[in-house]
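So, here come the structures, one by one.
The following pair of complexes shares a single chain, chain A, combined with chain B in the former and chain C in the latter.
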Partner chain A sequence: MPEYRGVHGSSGATEDRRRRGRAKRALPDASLDDALNERIRPMRVAGRSGWWGLLAAVIAIGVVVGIAAPWRGSANSGPGLIGAAHRMSIGLKLAPGNLDIRTQSGAALDQILIGNVYEGLVARDGENKVVPGLAESWDSSPDGLVYTFRLHRGMRFSNGHALHADDVAWSINELRARGYQDSEQLEDVSSVTAPDAATVRIALKAPYASLLWVLTGRPGLVFDRRAHYDRATQAVGSGPYTITRYVPNSVITLQADDRYWGARKARTARIDVRYFADDTAAVNALRSGDVQVLAPLTQSLAQPFVDDPAQYEVKVGEGTDKFVLAFNGTGAATSDLRVRQAIRYAIDRRQLIASRGGADAPLGGPIPSLDPGYEDLTGLYPHDPAKAKRLMAETGHDRAHPLRLTLTYAHIYGSELGDQLRSQLRPIGIDLHVEVVEFATWLQDVYTNHDYDLSLVDHNESHDFYLWADPDYYFGYDNPTVQRLYRQASRASNPQDNARILAQAARIVSRDAPADWLFNYRITTATVKGVQGFPVNLNQTLLPLADVTYTPGKE
Partner chain B sequence: MARFIMRRVALLVVAVAAMSGIVFVMLRILPGDVASAMAGVHASPGRVGALRRQFGLDQPLATQYVDWMTGLMCGDFGLSVTTGRSVSALVGARASVTLPLIAIGLAVALAIGLPLGCAAALSRSPRRRGVYQAIAIVGGSVPALWAGALFMILLGRGVGLIDLFPSQGFGGEGWAAPRQALASLMLPALTVGVIVSAGVMRYTRSALDDLAPSGYIDMAMACGMTRREAMLSTGLRLSAPRLVSVLGLTLAQMITGVMVVENLFALPGLGTGLVVDVGNRDLVAVQGELFMLTVVFLVIGFLVDIMHRVLDPRLGDDREERR
Partner chain C sequence: MNVSSHGPNRGALPGGGSRMFSRLRRSVVRMCSGARGIFSLAVIGCWIVVAVVSRFWTPQTLYGTDGYHAWSAPSPDHWLGRDGTGADMLSWLMAGSWTDLVIVVLTIVLAALIGIALIAAMVSRARGVSGVVTVAVDALISIPTVLIALVLAVPFGASIAVVIVACGVGYGLNLARIARPEAVLIARSDFVESAVSCGASQAYILIRHILPNLMSTMLVQLSLSAGTVVLAESGLTYLGIGVPSGVPSWGRSLATSVRFIAIHPMTVVWPGLVVTLVVVALNMFGDLLRDRWDTGATRDEEDES
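Coming up: the complex of A and B.
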């Protein structure tokens, strides 16, 4: 056993080292009896590590206090304790993929850019009515084929370039020529010209009642043709704000343009718009004072703020979001009118709305209350399970022999809606299979390939009745009468006729039951006390922030 | 050692090349594409087609793959279609949130897990061991969401019992304001750390337990160490290679695994970014990100292998001798 000998040979050295160490540390305790020393040691070790532990704890606490303490309290005491604050933060939910409003779809871009950074020929107010924008006034020829816009004087882009009528004409012509987002809405336009620096003339192939309204959106936006910038990450417009910081999916910082041409200058110098994918994080941000406004907010999460009126204000605004449960018009089972009607009778919309918190409004047809042609159509298909069962029985299905249908929708709407619909349809003899997918998958399967039975999506755009007049749209709804009426409504020379004909068409659509309109989603907005001028209506598509101010209360 | 490193590097290159193909093909199987995602629900087929042409999605897959690989060779990961930024810049910005988060999280995990693991291995009474076992199991099975919510309730600024750290967001200015940025990483890092520490604790304990009856400990004690000393100095040193492998794996998992925590605390990190890009079908970005992540995983594995050799010289000797 050579190894053992070796160790024994060096063991004396080990002992020496130990003795020396011990002598240095605690001489009085040292004993000549090693057995006694052995007993003391563990306590010593414990004591030593205890000191280290204490030191570590002190350092840790020091670090924590160092990071946290100087920052506490200063949370919201900006420079403006007296009067309005110079900066504030707003929490929103859906972030734009990029800033290129000409190619990227989605209401999130309209929401942040239109009216804040980019401006259109005309604009929209909180009631969804057309109001002057870059044009201070306009008129149309008696036949409704030529619109003449008179522009404000002395307009300029945020980079200093002057904004003239040629910029307007160029922007609209570019959109049409290059087929940018929403260019389809200007199909009836034959030419856009600028006869002089302050006049823009739009000529039409046929009368188009929605022209002005369409121009309040993307088709009417005016860009600086001489500016060179990366449209995906920057935005140069003529609006009251400029974008100084853009972190995708996280923050957009709006800085007031001091030299804004218009009278309605931004009243808050800097607004940080933050995007929260997670609702809890959003609510925490409002509660901790990191944001002063939150929109939208689900009703259940809004309750604590409703219960604390001393510090928060919660408002519900009107919107044009339609939760459309579409039935595939060309599907094997859903092309049968009786099945579609049965589903509409079977759905208890009041229950759906109540379970979402009760803020949403019932909607019986394709046109919401803020759009022309609205009419209360909720009476057409009231909740009537008995009738639904009878209709299903006619098609040979009942609870025992259910019809199997698939509902496909994007996960952003949550799984509850699908579950509720499944349980509401089961008693009438429909076995609903719910598939919650990514939005891109929905676009591919439902929107592009029309491969679905039932689909659910929030059609949030305003003035989108034309979707029901397009037989190639994913609804697969083809009714020549509706298409003719829609054309007629578009050609109407005055708004009253337009609305009347649209209402007539909407009633036919609803009766044909190509879909069920589950509800008109209404946006809940919560603000801390002291926030004023924040738009409540339509604020998920249209959020002009020039008038927003925040006056912190005294603590 | 040099030969060993050469071989590992060669393997690394093969793995990266194979992986690039797999990532590319797998992503193409996903339904939907970035053109339709960008065009939305009001787009005409013509517009979607135009976008597709603009982004080169109408090219054959082979061409797209070769284009991508050619870029990679030159260190160009391409431009994210949705955000219009270079993929490397995107990943860099997100990594500046995730990597510090992981580093702090791992430090917390080690600070909690190592001592507890040692204590568990050292304790002899079955009851105490049971208590440690319970801590490890409970700690390991706590969902990140719940732990995060708990920390918010306890320490969240404005929402918690103790008004300490911000509970969401990444400071106001990012790393331009380092203290704020660091403060906003504290709660997420604690959450991650506590959860990961349970794993560290279990591995430490089992490594030490395995060594306890071995001759090494007996030998160390025969040299005059107490059992405790022997376990803590000799035992811990001997189990270092094992712990390093575990830490390497944990680190790799954490890079994407902290996604839930990032989402909960509204941090713009790698995990959440990846999910958003997949949702937008921004495949150029996704494949670039996945590629970089895989390379990081592989490099971590490589470093762990090297660390093994360094920590345990016997491994290297064995091989040399066999050859």
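Coming up: the complex of A and C.
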């Protein structure tokens, strides 16, 4: 049983390679950032009485400290560190459509609500491992068919209602009965019951190795059945934060719940989460001090912050985003294994990664490093243009008689990848025609009608190996051995067997070359100096903010 | 045969298509005497030369991407540096000038054809046709070019044809609307009336009398539109409905680098500068053509008298 680490374990961080040897952290009693302070308390500054002016004069460091004094006082009384700001802003990219996590899809909702406002029976840490959530411990029967969870005592929702085992059972049963988002992940569950106020029992029809991981997401969230609120614009959960303001596509304000039941209370009283669809606006917001954290941003855009380590920190976190260059398994040319292999040998993935700023990790197969079954498969198809040329020559194509293929992908990934792939495939005898289209067009042509040669998509979900075991999915990849192994893996009664079998299946998939995994996209997060505890791993789907603090540094 | 060559209408002259072109030639020659004229003709000339040269030679191959040197600074091999894929900026800009030239020429041709067809319908003697077309042009002119392009891009995807058709239709309507009053005036003039009375067909009148007299208005309007086409190409490509990925164009060079304006500003400046220069030159050319044309027309009269 893992040690109790609060509802959401802290995330590990891989510090940016270019910036080892971090400068000394700002002292806790440092004066506050004047610009930030100016912004937060404009009214007080404006209505300042002579007393404050006198104080400022006495301190003789200037108005900056004069403002800082009262502010620090209030911060001390709060839950945060001494000297830590009472309030901060973070900038994210994709805004949720609304706040109804039961019916609205999109990772943006998981990101903002899970672990902050709503809590699940179990939670995930920054390494994508299951850690205790509302349940402090659990065990499973030897046949893997019954899971028993023991809940924490004295839990309550932010509205004061107590949280008992029957709330948990009700929430999960409601999800299954009404078919809320992700309910299909609980298909194998036969019943969820609450034998007593602190115990939840989940019985399965068949062993299901991913059950615990699935319960860290939406299927495991616990709602207050006695609360009445507009789920699209409000959220009432048991987490360390409540939502006090929601402006669609713009701002969500999280207010710390002082009466939070858990040990891991929010350390910053108020966090404004702002959404920037436009990258340039986001970068400007960080630069001007409107936000103290920005995630994600591309490595190229992060460069000015990397170059200014006195004021900013740039970290790169692990994620489960896989940039999949899929080859249509039922396509005229791409059903030929030699063509698919030739493409895989021809692509110089290190070069693609370098052009994107060097943060992303090479990925040789369908399972990323944070998922069970990961193995380094980059050695299966190393960059080998000579071999690629030979394979294409066998199919009767060379530079003078190229094979014409079309690559279709959504414009959100930028035109650069298509341009580079075209250049890299040209010498081996493939004339790649790149069509950068609207996402809706991609959905229609590629995803629905399977009408494509090559497609490029960022498959960002974790635990999504099942896509390769589904012959009807747009990949058109049909290998009975992989399908059998996948079934076997999901029926495994323990995580080790599950991972072992998945690794075996992933190796077969990669060898069959139904796609090339260009890279594992890693998330770049930039913060101003003095921000601590911001999760960097997986932070586009999982962003527990309870530990985040901001201690404005000395300027 | 020139029944109406001594017609009383001084503003509109009957017949004489070849005289129009000689007058255009003289106007262009006169332009070369002014600084603005030299500038605009030099820029347009350079553009055409570079566009043609880029068909046979560019400093680097267009497909020479090099991810290890993306965004690298200018060097002897890469005069303007490299873009986000590591390809040579200068080569892409040079190749883009051909695409833009093709788009401008085809758009102007299409706009002229549409404009002439609409003018023909609007001065038609069939009341029903001219009335309906005039109202239709007035209504359609309110639809922005971008909207036409967006609608076209849904079924056809981003392509050069979308830019040409959207701009061609938009500017053709504009041309017809602007030229209509003058066309109607000419159609009602005495020399046209006398030609009709001699049994001239409608097509003959259109080609022999109306169009030559509209030439100055149309040329000025079309040359001003040419500048707008370059801007429209950049704008539509930036929106993802113009020139498709992989085809060089100035708009594409702008669109791919504008996201990084804060980090690599020069990669935005170069295509931006090229677009600005060409648009200014085309607009200046249009303005001068209008100015000189009027003066030229007067001098022609003087020459004749």
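The definition used in the following text is that the second predicted complex is superposed on the first by the 473 of 555 C-alpha atoms of A that agree within 3 Å, B and C clash if a C-alpha of one lies under 4 Å from a C-alpha of the other, contacts with A are read in each partner's own complex, and residues count from 1 in each chain.
Rule of thumb we're sticking to: contacts are C-beta pairs under 8 Å (C-beta built on N, C-alpha and C of every residue); 3 or more make two chains touch, one makes a residue touch a chain.
From a predicted model like this one, the values you see are computed outputs, not experimental measurements.
In the superposition on chain A, contact of A:125 is made with neither chain B nor chain C. In the superposed model, A:419 lies in contact with chain C only, and not with chain B. In the superposed model, A:464 makes contact with chain B only, not with chain C.
Of the two partner chains, neither chain B nor chain C is touched by A:547.
Look at A:274: by the touch rule set out above, it reaches chain B but stays clear of chain C. Judged by the touch definition given at the top, the superposed model places A:348 against chain C, while chain B stays out of reach.
In the overlay built on the shared chain, the residue A:233 is in contact with chain B alone; chain C does not reach it. Touched residues of chain A, counted separately for chain B and chain C, are more numerous for B. When the two structures are aligned on the shared chain, A:439 is found in touch with chain B, with no touch to chain C. Where the contact sets of chain A with chain B and with chain C meet, they give residues 280, 284, 438, 441.
Taken in their complex, chain A has these residues touching chain B: 7, 11, 14-15, 18, 38, 41-42, 45, 64, 67-68, 70-72, 75, 97-98, 100, 103-106, 179, 181-184, 230-233, 247-250, 272, 274, 276-278, 280-282, 284-285, 287-290, 438-445, 447-448, 457, 459, 461, 464, 467. By the touch criterion given at the top, residues 30-33, 36-48, 50-51, 82-85, 90, 93, 149, 152, 156-159, 163-170, 172, 174, 179-180, 182-183, 186, 219, 222-224, 226, 228-229, 263-266, 268, 272-273, 276, 278-282 of chain B touch chain A in their complex. Listed in rising order, the residues of chain A touching chain C in the complex are 279-280, 283-284, 300-301, 303-304, 348, 350-356, 411, 414-416, 418-420, 422-424, 426, 433-438, 441.
Of all residues in chain C, those touching chain A in their complex are 63-68, 70-71, 84-87, 157-158, 240, 244-246, 252, 255-256, 259-263.
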